[in-house]
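Here come two complexes built around chain A, the first alongside chain B, the second alongside chain C.
Our next item is the complex of A and B:
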């Protein structure tokens, strides 16, 4: 049994690439993430309630899984999610801080508060696709193919897991930095899942 | 009352990030939760904050929201009677 990279998506402020195909998006000044959502013709109003980190991970997962998960409604017990980033949920934490900063204008926002955890992006992807396997989120000072590889291989030590959505999902100071991979146990040989290939797809 | 209803619709769209809706899309007599706009429990908390922040109305019991948030019109009528700003 081989462990392959079945699909990947690279999303930054300047680049949107899915499985070697560059996707061009007409951008407005307001939000390029919203532009991508509209470009994809999605109908998922909850998207607009998400923080930027979740929006970035959600959009990358939609592109990653576009031709792979056709039936989003069927529970997927053999699929796990393993994500990592540098800035956790700091981007949204700062937004939340603005709602509680001024004691004379102290109105904590519940809808902002619910995104003050980085692993909420895992939940958004899992809910959208009914992914029922293990879900984990790690914080790392820098992008680390070695840590991603290690975390995914640990996840595959559970014999019930056959596929893992993994990668780097970071968003801070309007800078989006995402690499999502779909890793699968497969019989045929494709792009092998290893440290070098993770690094190659990121750079 | 119609002006307050329109103002409220705009505020609801803004605070709940209902980006794909315009005030005209919201039926002021339709239920806000489950049916209608399909809002959830976090949205209900956000509406409680909106009432206090914009109209000076503090709900002491979140359960009160069940009656007040039945529709935009009922919400507007409650605001008109109880607003302090």
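Our next item is the complex of A and C:
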């Protein structure tokens, strides 16, 4: 059995690349994440309730799985989501803080508060694709292919797991930095999942 | 399997595992009613670490560092220090790794009133983790698990996997979270806080109480030949599963939790299980969801408790704290009562522990569920 990178998506402010194909998006000034959503012709209104971190992870996951035969409606116990980033949910935490900073203008909102956890992005991807396997979020100062590799291989120590959406999902100060990979146990030899290949796809 | 070598709890009920266990066994709760805690404009029932006690205890161990530590960092460092004190482990060794479980770390530093003494980087979890490991001169980068309220179990599962692969000899698992206006206002905006002591699994349950704690378990793949009384607990297995249902609401079916339990209990004789230490937050939906996940695995007759009525929901600390207390109780052949549970009523009936009782069985199952639809189960036993 081989452990392959079956698909990948790299998403930053300046680059959108899916499986070696650069995707050019007509950008408006408002928000490039919303532009990508429109470009994909998605009909998923929940998207507009998400914070930037979840939007970024969600869009990358849609692109990652675009050409993969995957039934979004069937519960998938054999699929896991393992993500990592630098800033946790601080981008949205700062937004929430503005709602409680001023005693005379105190309006904490549950719809903002719910995104003050980094692993909500796992939840959004899981809901969209009915992924019911392991769901994990780790924090690391810097992008680390070694840590991503190690976390995914640990997840595969559960013999019921055959595929893992993994990678780096960071959003802070208007900077989007995402690399998502779909890792699969397969009979065929394809791009092997290893530290060098994760690093290569990130840079 | 991996072996618990030592542990510690820092909470409202005391700064040692023994103090916490004794208080809980006697039925004392650390929950108190606070007026406008952390400048929050309402009152709340909380379990708080006493500031003066923490500062004094921390100064007595901090003899060399000049860093100004936050409450979160002080509690975490103190807990590790006290757990290490009971062992002869060389924490400076490359074979020792720290695994930090937290949901919000120093998030209160986003408040401009709180942040003036600290550098901007202090709100990042990795920065706190660096300060914790460097306090102990540990050479490895800490692993940081931030998986909402299941973090404490997820961190123990990570320890199990790393130690079984012999990458490290020891894993120091820290669960820590402190409270702030940020966290309290958020839970209040969800209308999920109870102003009275929470009532897990009770028909009149109406919400949770928040708590703060730092708890540490030191695990090793090596059997401890000279265990302390409280250290003969082993972690056998664990699993995480997602509901894929809702980002903040518990599943209406308990499917995710049910999968986590099923995976964790593979090859386990259910007759050996003394206790299920549930998440039991005392929100109407959480406790119903747990009752479904438990019943789907035919575990509904096993005694079940929740410790939230003693120490509140301690977020990233909960999984570590509650694992320690349940383990110590089991070594004492004791099932702790589910404080606040009076008239149990959940969608599937459960066998709630209403008074402390003896049990001589060997295993216990710890459950956690959290935002993002995540669920975790871990199985431990006494040797």
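We adopt the following convention: the second predicted complex is superposed on the first by the 201 of 203 C-alpha atoms of A that agree within 3 Å, B and C clash if a C-alpha of one lies under 4 Å from a C-alpha of the other, contacts with A are read in each partner's own complex, and residues count from 1 in each chain.
Note that contacts are C-beta pairs under 8 Å (C-beta built on N, C-alpha and C of every residue); 3 or more make two chains touch, one makes a residue touch a chain.
No experiment lies behind these values; they were computed from the predicted model shown.
Contacts of A:191 after superposition: neither chain B nor chain C is touched. Once chain A of one complex is fitted onto chain A of the other, the partner contacts of A:40 are absent, as it touches neither chain B nor chain C.
When the two complexes are overlaid on their common chain A, residue A:110 makes contact with chain B and with chain C alike.
Shared-chain residue A:25: touches no atom of chain B or chain C.
In the superposition on chain A, A:48 makes contact with chain B only, not with chain C. Counting the residues of chain A touched by each of chain B and chain C gives the higher count for C. Touching of chain A by both chain B and chain C, each in its own complex, is seen for residues 108-110, 114.
Across the complex, chain B is touched by residues 34, 45, 48-49, 107-111, 114 of chain A. Against chain C, in their complex, chain A makes its touches with residues 75, 77, 81, 86-88, 90, 93-94, 96-97, 100-101, 103, 106, 108-110, 113-114, 116-120, 122-124, 126-127, 129-141, 147, 154, 157-158, 160.
Chain B meets chain A in the complex at residues 15-20, 42-43, 45-46, 49, 52-53. For chain C in complex with chain A, the touching residues are 39, 41, 103-105, 107, 110-112, 123-127, 129-130, 141, 143-148, 154, 158, 161-162, 181-182, 185-190, 239-248, 255-256, 259, 263, 370-374.
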